[in-house]
Amino acid sequence: MKDSNFMDNDFAQHASGIVSLAKDLHSRGWLLGTSGNLSAVVERDPLRLAITPSGADKGELVGERILLIDEEARVVGNAESIAGKPSDESPLHVALVKAQKAGAVVHTHSVWVTMLSDVYGDDGGLAIEGYEMLKGLRGVTTHLHREWIPIIENSQDMRALAESITETVAKYPGSHAILLRRHGMYTWGRDLNEAKRHVEILEFLFEAVGRTRELRVVTTTR
Amino acid sequence: MKDSNFMDNDFAQHASGIVSLAKDLHSRGWLLGTSGNLSAVVERDPLRLAITPSGADKGELVGERILLIDEEARVVGNAESIAGKPSDESPLHVALVKAQKAGAVVHTHSVWVTMLSDVYGDDGGLAIEGYEMLKGLRGVTTHLHREWIPIIENSQDMRALAESITETVAKYPGSHAILLRRHGMYTWGRDLNEAKRHVEILEFLFEAVGRTRELRVVTTTR
Amino acid sequence: MKDSNFMDNDFAQHASGIVSLAKDLHSRGWLLGTSGNLSAVVERDPLRLAITPSGADKGELVGERILLIDEEARVVGNAESIAGKPSDESPLHVALVKAQKAGAVVHTHSVWVTMLSDVYGDDGGLAIEGYEMLKGLRGVTTHLHREWIPIIENSQDMRALAESITETVAKYPGSHAILLRRHGMYTWGRDLNEAKRHVEILEFLFEAVGRTRELRVVTTTR
Amino acid sequence: MKDSNFMDNDFAQHASGIVSLAKDLHSRGWLLGTSGNLSAVVERDPLRLAITPSGADKGELVGERILLIDEEARVVGNAESIAGKPSDESPLHVALVKAQKAGAVVHTHSVWVTMLSDVYGDDGGLAIEGYEMLKGLRGVTTHLHREWIPIIENSQDMRALAESITETVAKYPGSHAILLRRHGMYTWGRDLNEAKRHVEILEFLFEAVGRTRELRVVTTTR
């Protein structure tokens, strides 16, 4: 384990990055009504994760409210927030950090994700290919890439959801996001910057896919 | 009644919270053209409500313009605004504060609410269920929740509308909002923060419901 | 004529109001690409109008660039801008100020106005009624109001357009706006605040009318 | 070649203009996820171009990261960024600067461009005419103007794409933009201000064209 001063600095930096990204995504309408949550790995072994507290307005977040949790999603740090409770979905963040070796996880709730996760829910996922914007996803070097975004059914049993996410990542290790049906998106990255890039890229692509479905009807019914 | 200094502090805090929320909702396009109004309970017995004045541009609001009214919607405080007139819809705020024991009431005018209140108007309301975002509504713990949003006909008789709202709350005490047809939404909360959360959650859901109706046609006519 | 110091103060105030409103409307996407223009009456007799210069980026406007023109749309003041040229559409502003006795005129270019002015162009206008938001228009006291928005054909002959506007106002003196087909909206008010309110109210209504047309197809084709 | 102090001042000014425009376009959602790039001519002979680095978050850009490249797209200046790599699409900027004698080039990725470049891709372009907003394009003086926007197939071979752009400009010298299919838009101007104006005008027109296609179905299927 790192010494505690170093740890404190690291934690403060990650907390500040989380707050800044949360405000940004809230202003775009992807974290409305205290929905969604963000986390960043402060230490890998033992696992220490900076994470947003349950029920926070992401537009009014401050660094003092960010919590430090362990791999059991128990609060292990940040005295100022001792009264805070980590997000109920913390086990999903832990699962993704482990399965994807991610350094940051962002869970957003956008209108387009909510809709498409339902429209394509029975197919178990949706494929996006042929868009230049796909190159914004880590490791993708051509628009010819075919990105499979798995969709899993929503549930209030967070341990079961975490398992479902772990299985899905094992089945589709190359995917950059997972949708929960009528719920939202989980994406991740090596760090918060990469996770932010993935959120922007994927939200763009979902809007393009959704609007294209709307537009196609015109061609079809003419 | 509380002593007047304490009252002044309380009022100033609520006025400041109202101004900040009004600007935020105006920037999102939900309070355009001086439409909408916001209130917060300063004292419960006798009832004292801080409320936005009639005809104010919510993007340019200042605390000095917020009024203090009693349960008859008469101005009883805030000398700076003595020339101000409380919103014509003040009786609706009073009705909701009493019927729902709310600490804050927010009335917004969004495009999606305006449209859906008309499309579902003949049904007397619309049901929203199966969305994770529903958990942002007070007391809701699962996406399986079925939220009934009553819609009442619009009118310029504010006393009649206030009665209609009181009856509707009595009939659907578990609902978190009421729509006025082709007019707007009333929602509320224990305090301004909760009312803000409800506005964001409900506007998100109305947009998702509206856009899904648009998207469905594609599937249907293919 | 007022004395020149008084005039300068008045002009500076109106110029500052125009700049602030222009930035606001630009950020909402209603004055993109140097399109649109705004004016305010500084003096009535002889007519003196503060107006935006031709070709200005409304998001980068400064008060020094606002011009003072007379009823022939000739620049008569603001030495800093002596090189500036008033908007080609200045005669339309003068025509509206005279015909409607308006204190401010705002001409915006929004996507919804552009579309609806075309869809309803052959009908010579569109009627909007039954919306609470109509009460944001000067003198309207009920949602039952029927607002007729005349649409006139676009032209590059500004004198002819100005005449067409004068005739249209004479024919429909109760209307609060005129659309130029596939071009934009002219609205006005007693002062800049009222003109701003009219822009927000009307843009809201056009979006609601446009989206409702999109939504209706779902009902129709089911 | 200009002397180096003069050059430094010029470069710093262009870098600052690029940063400011990049942030603005990012906030509108046209440069999400590090997509897109901007350049401005600092010197014409030999060609020196200030350009955004590869992989930069346009909302977090700073002037120190802007690079100076030559006509072979090799970095020739800005010591602070020596580790930076110019955008892979730099050859396309160089090609446009030469073929159009442009002073600035902006490449954006918007949802509407992505969709329309696909819908009209098989036609090799789309024509836009009859809109007043067309007058925001350099040299256009009437809404009757017919703007042809060529669309070329996307590719990861940047030298081939640069040639394709050069050929397209030679074939349609009067066009103000080129779309890459399912990729994005290239537009340009005498300077950054004009390029910004062209982005705003064209994005407005693409949204209007796209939404009109959506709206038309209503009329058609009634």
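For clarity, chains are labelled A, B, C and D in written order, and residue numbers in each chain start from 1.
The definition used in the following text is that a contact is a pair of C-beta atoms (placed from the backbone, for glycine too) under 8 Å apart; a residue touches a chain by one contact, two chains touch by 3 or more.
If you're wondering where the values come from, they're calculated on a predicted model, not measured in any experiment.
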item: Equivalent-chain rotation between chain D and chain C, CA atoms, steps of 5 degrees; value: 90
item: Copies chain C and chain B - interface residue numbers shared by over half, same or different; value: different
item: Whole-Å gap separating chain A and chain D, where each centre is the average of the chain's CA atoms; value: 31
item: Rounded Å distance between chain B and chain D, as computed from the means of their C-alpha atoms; value: 44
item: Residues within chain C bordering two or more other chains; value: 214, 217, 221
item: In the complex, chain A residues that touch chain D; value: 24, 28, 130-133, 136, 141-143, 193, 196-198, 200-201, 203-204, 207-208, 211-212, 214-215, 217-219, 221-222
item: Complex interface listing, chain B residues touching chain C; value: 29, 32-35, 57, 59, 109, 111, 114-115, 118-119, 154, 156, 180, 182-184, 210, 213-214, 216-217, 220-221
